[in-house]
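Pasting the structures in now, so scroll down.
Shared between the two complexes below is subunit A, which pairs with subunit B and subunit C, respectively.
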Partner chain A sequence: MPGHYVDIPVGREGAQVVADRLRQVYILRPGDTCPPLHIVAEKGSRTEVTLVVMPGVDVDIRVDVDLMGEGADLRMAGLYVCGGKERVSVHTRVCHRAPGCSSDQVFTGIAGGGARVAFHGTIVVAPDAQQTQAFQQSRNLLLSQDARVETEPQLEIYADDVKCSHGATVGSLNADEQFYMRSRGVPEAEAKVLQMLSFLSPVLAGLEEKDALAAELEQAIRSIV
Partner chain B sequence: MSDILLKITDLHAGIEGREILCGIDLEIRRGEVHAVMGPNGAGKSTLSAVLTGKPQYTVTQGSVEFMGRDLLALSPEERAWAGMFLSFQYPVEIPGVSITNFMKTALNAKRAAAGLEPLKAAEFLKLMREKMAFVQMKPEFAKREVNVGFSGGEKKRNEIFQMAMLDPVLSILDETDSGLDVDALKIVADGVNALRTPEKSAIIITHYQKLLDYVVPDVVHVLKAGRIVRTGGREIIGLIESQGFDQF
Partner chain C sequence: MDKTLQEFTSQEYKEGFVTEVEQEFVPKGLNEDIIRTISALKQEPQWLLDFRLDAFRRWQRMPMPQWGHLDMPEIDFQDIIYYAAPKKDADRPKEIDPELEATFEKLGIPLRERKALAGVVAVDAVFDSVSVATTFRQTLAEKGIIFCPFSEAVREHGDLVRKYLASVVPVGDNFYAALNSAVFSDGSFCYIPKGVKCPMELSSYFRINASGTGQFERTLIVADEGASVSYMEGCTAPMRDENQLHAAVVEIVVEKDADVRYSTVQNWYPGDKEGRGGILNLVTKRGLCRGAGAHLSWTQVETGSAITWKYPSTVLQGDHSSSEFYSVAVTNNHQQADTGTKMIHIGRGTRSRIVSKGISAGRSQNSYRGLVRMLPGAENARNFSQCDSLLIGSRCGAHTFPVIRSENPTATVEHEATTSKISEDQLFYCNQRGISPEDAVGLIVNGYAKEVLSRLPMEFAVEAQKLLQVSLEGSVG
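After this line comes the complex of A and B, so read on.
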């Protein structure tokens, strides 16, 4: 499939040096599409990829990352807010092909209305990729009976000296948190908005664009409550 | 204006089909501080949850009037706007929401319900600073996420701070003394005492006399197995302290 992908080399030695550090932020609004991405991370490089899916977007996101050079580092964060009939699917495949690389993926979002969200995340650790650190987390909030979230993490580990973990949660708004806010006079709808912002905050807090994004995400949340 | 702030009549309530309050009668006048004491499982926290409208609880019988209004017909936020406040036994952590943002939302919602404009930013910050100083919270807490990473004492102080901000008519303190050391207890007690006025009342729920050494109640009730089995004055606290709850 290489022809379908946008190839992004990071820290490549030789003619095509891009940078030691790559930051890509994709904010998808209605009408936007996202090309499949293939990131090749060379020795010692740092890569940060952020994907934000706003309400009203149907999208199929594919990100393949090859950590080719020793000590390459990847941070990937995804946020979505869906409240209608959106179809969002995210496939990530992170391959640790050299020793001492690290990867951290967090996908988190809110599905309401009749939205369908799927996350398939695969981590592969090649036999000689010793001292790999690979983490993956998928946290999802379901707002309605009709919304669906499918989350499928997969680990394929062929090396023995590695630290890997993955976790997935699908839950609903915390009732105690909501009552606490309402008991202080925060109206129910407003309490829900605060709760959802609170839910997204761990991912948001780590992003350079957090201030600009927070305002847009708050609006997005208000549009689906 | 009626002298009676809260009137509970034959209140039966429970959770998940289990009856926990089995006929409570209680009357609180303006200016009074009532203590509700009882052993674990007596229904103390259920009483505070039912009075503030926690959705998981169901009232099966009886009535509650708050300043002449049917309290049970109001949502939790409407009860707050009417002047009720609950200091939680276990204050909830809200990551990503600052104390400033939370209090601004709460206070302005209460003002809106009374037909008032939102407070201007400068006025709001001044009020925040004043009330934080009042419970000896450091100013940097204004930016902290609500209760996240707070010690037990800090959480309880944050409750009293919010109480001071919202200026309730009836404050319910649910086990506010649990998990506090003496210094934190004194700060909390000073806060509660400073808010005592002839118009305002408080219910102090506890199974312990600690807080009542500092906030002296006018009336003491003993709650046991979902019923008030004894009502009297301060002398009851001493009885409980020396002989426990079995005597009632």
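After this line comes the complex of A and C, so read on.
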């Protein structure tokens, strides 16, 4: 791995070129697959991508985004709920190649049963991409002894006038919250479902299909509690 | 302002002088005969020679690692002198060469026992491949503490060395650890017996002097049950146009309820402004919290070296053991650093905390790389990591590569990282109040690194603060 910036030319073939707006929601249910996504965002464009992985899906998701034009904006969100033997991996690579672009990524996931989930997210800010804002979050709940979570949030920054941050967490359901609900008569299993739903809600927020999805997710969560 | 800037930038690496002493060398190159020669020069027992040869054979089969975020120059391992020692005068075998004493005095390391700045520090001074002096050994021996050069420990405390050597960093751990195991020269050995609190700071100072050589020090620190010690390490080297290799191994064993603090101020020659020369600092440091309640704290200030490749790590094996890693890494001009830590949680209720502050300026590249791993037995283990990067100038890079793996549902891992630059507003605020741009940067950087600097022992904290300022000179404007 070289220590300096290597400019890999952007191939636009097969890429989705966003000139103005793009809004995509991928909902993966058992049997579905997800082709690798490559998005090239032009000047001033707005891109929103949401990925939802329901229980029972083995999938390897790859998303490459090149922010090529000044002021391009990307919102990417994803969630996964795994309670069995799923293998879910998410690779994202967001390259800020022009000044003044912004990107925000939120990935939340629940791993129970014997699931293996992995998140690898890279943000690259090219040498001249000043005034970049790039954020990324990877939050995970690990529910069982046999499940595994791996997360690798990465930042590669070659410009100085930037605001970039990432955060990653792996943990369990908060015991205080559970106690609060149970002391008010909410059964344990129900309390857990509520906690998990609220854990996933940042990804659903702002989606048009939010209500229908929330109902489906509630079903999914009940199936793994 | 330009004049001030020029004056500042023209200041040089002040430890870059060469000491003229007569030295003996082994021939250039690396093969089994060289290893036998080194072992013979140090009058080592057969088991250690076997250990070296085994390491060498493993090393020969290993490829040089390429995964670092580094432009690593080709290293010709046959073009290095693996052992260099100042000659001892026949007429005064007990005393230190005055030239050497003057060298260490110039570096601020007293080889005579006397009161230091704030209390007493025992020093082991290593010059190229040998230790030239260790102070306060008598005082320490009264408490049962062993603090001596590694080669002496092999002769006088062979059983202890044999028991702990390579117990934390196995011979074949990685390419440079294997190389070190084959050719290591001097370093410090330190053993704190059961229940003893070391009455003074222990310190090792490493100096590379001879040209064309590499330094391969080996340090082993063992804190037995309930013992505690604070250990500091410093290093410098002359200015040269070629790269010199420094591949050390540091192993720390922390038994039940023992407490070890390990602090480093790394100030190897960083190369010149064009990126010529400088030390390649390729180091393996690892501690093992073996017993319950053991505690190990790493604090490092990295300002020197052309390339730094170093991950002081802790294996938290004992239940409720804990570890911390506090780091400030500064890179300027063409320096490259790929540094961080690994926290491997094995035991129940283990805790770790990582605070890393990277500062890049000039055309340098500065990376944090880390691993936090929760194994299935790490019930209720906890980790918190914070990695911040500060960029000064538009031609440098700051990178963060953390890896988090959790295999226990009761464990909690949190990681956060931010990257930003010194804002115009902050600088303007200072300038407006009559603080010059250089001083303002120094002030802001010291404030940014304070959380780490405040963890250093007093003697080091002052030096480190100055060093930060010097390292960044000429980076604004």
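Heads up, the rule we're going with is that the second predicted complex is superposed on the first by the 205 of 225 C-alpha atoms of A that agree within 3 Å, B and C clash if a C-alpha of one lies under 4 Å from a C-alpha of the other, contacts with A are read in each partner's own complex, and residues count from 1 in each chain.
Everything below uses one rule, namely that contacts are C-beta pairs under 8 Å (C-beta built on N, C-alpha and C of every residue); 3 or more make two chains touch, one makes a residue touch a chain.
Since the structure is predicted, the reported quantities are computational estimates derived from the model, not experimental observations.
Enquirer: Do subunit B and subunit C fit side by side on subunit A after the overlay, or clash?
Expert: Pair status: fit.
Enquirer: Between subunit B and subunit C, whom does A:Pro127 touch in the aligned arrangement: first, second, both, or neither?
Expert: The answer is second: A:Pro127 touches subunit C but not subunit B.
Enquirer: After lining up the shared chain so the two structures overlap, which partner does A:Glu190 touch, if you call subunit B first and subunit C second: first, second, both or neither?
Expert: first
Enquirer: Identify the partner contact of A:Ala168: answer first if only subunit B is touched, second if only subunit C is, both if each is, neither if none is.
Expert: second
Enquirer: Specify the partner with more touching residues on subunit A, choosing between subunit B and subunit C.
Expert: C
Enquirer: With the two structures placed on a shared chain A, what shortest C-alpha distance in Å links subunit B and subunit C?
Expert: 13
Enquirer: Residue overlap on subunit A between the subunit B contact set and the subunit C contact set?
Expert: Looking at subunit A, the two contact sets are disjoint.
Enquirer: Over in the complex, which subunit C residues touch subunit A? Could you list them?
Expert: Listed in rising order, the residues are 66-72, 336, 338, 365, 374, 376, 389, 391-421.
Enquirer: What does subunit B use to touch subunit A in their complex?
Expert: Interface residues on the subunit B side: 52-56, 75-77, 79-81, 85-86, 88, 91-92, 94-97, 101-102, 105-107, 109-110, 113, 162, 166.
Enquirer: Give every residue of subunit A touching subunit C within the complex, in rising order.
Expert: Against subunit C, subunit A makes touches at 1-5, 127, 130, 140, 142-145, 147-172.
Enquirer: So in the complex, which bits of subunit A are touching subunit B?
Expert: Residues 175-177, 179-188, 190, 194-195, 197-202, 204-205 of subunit A touch subunit B in their complex.
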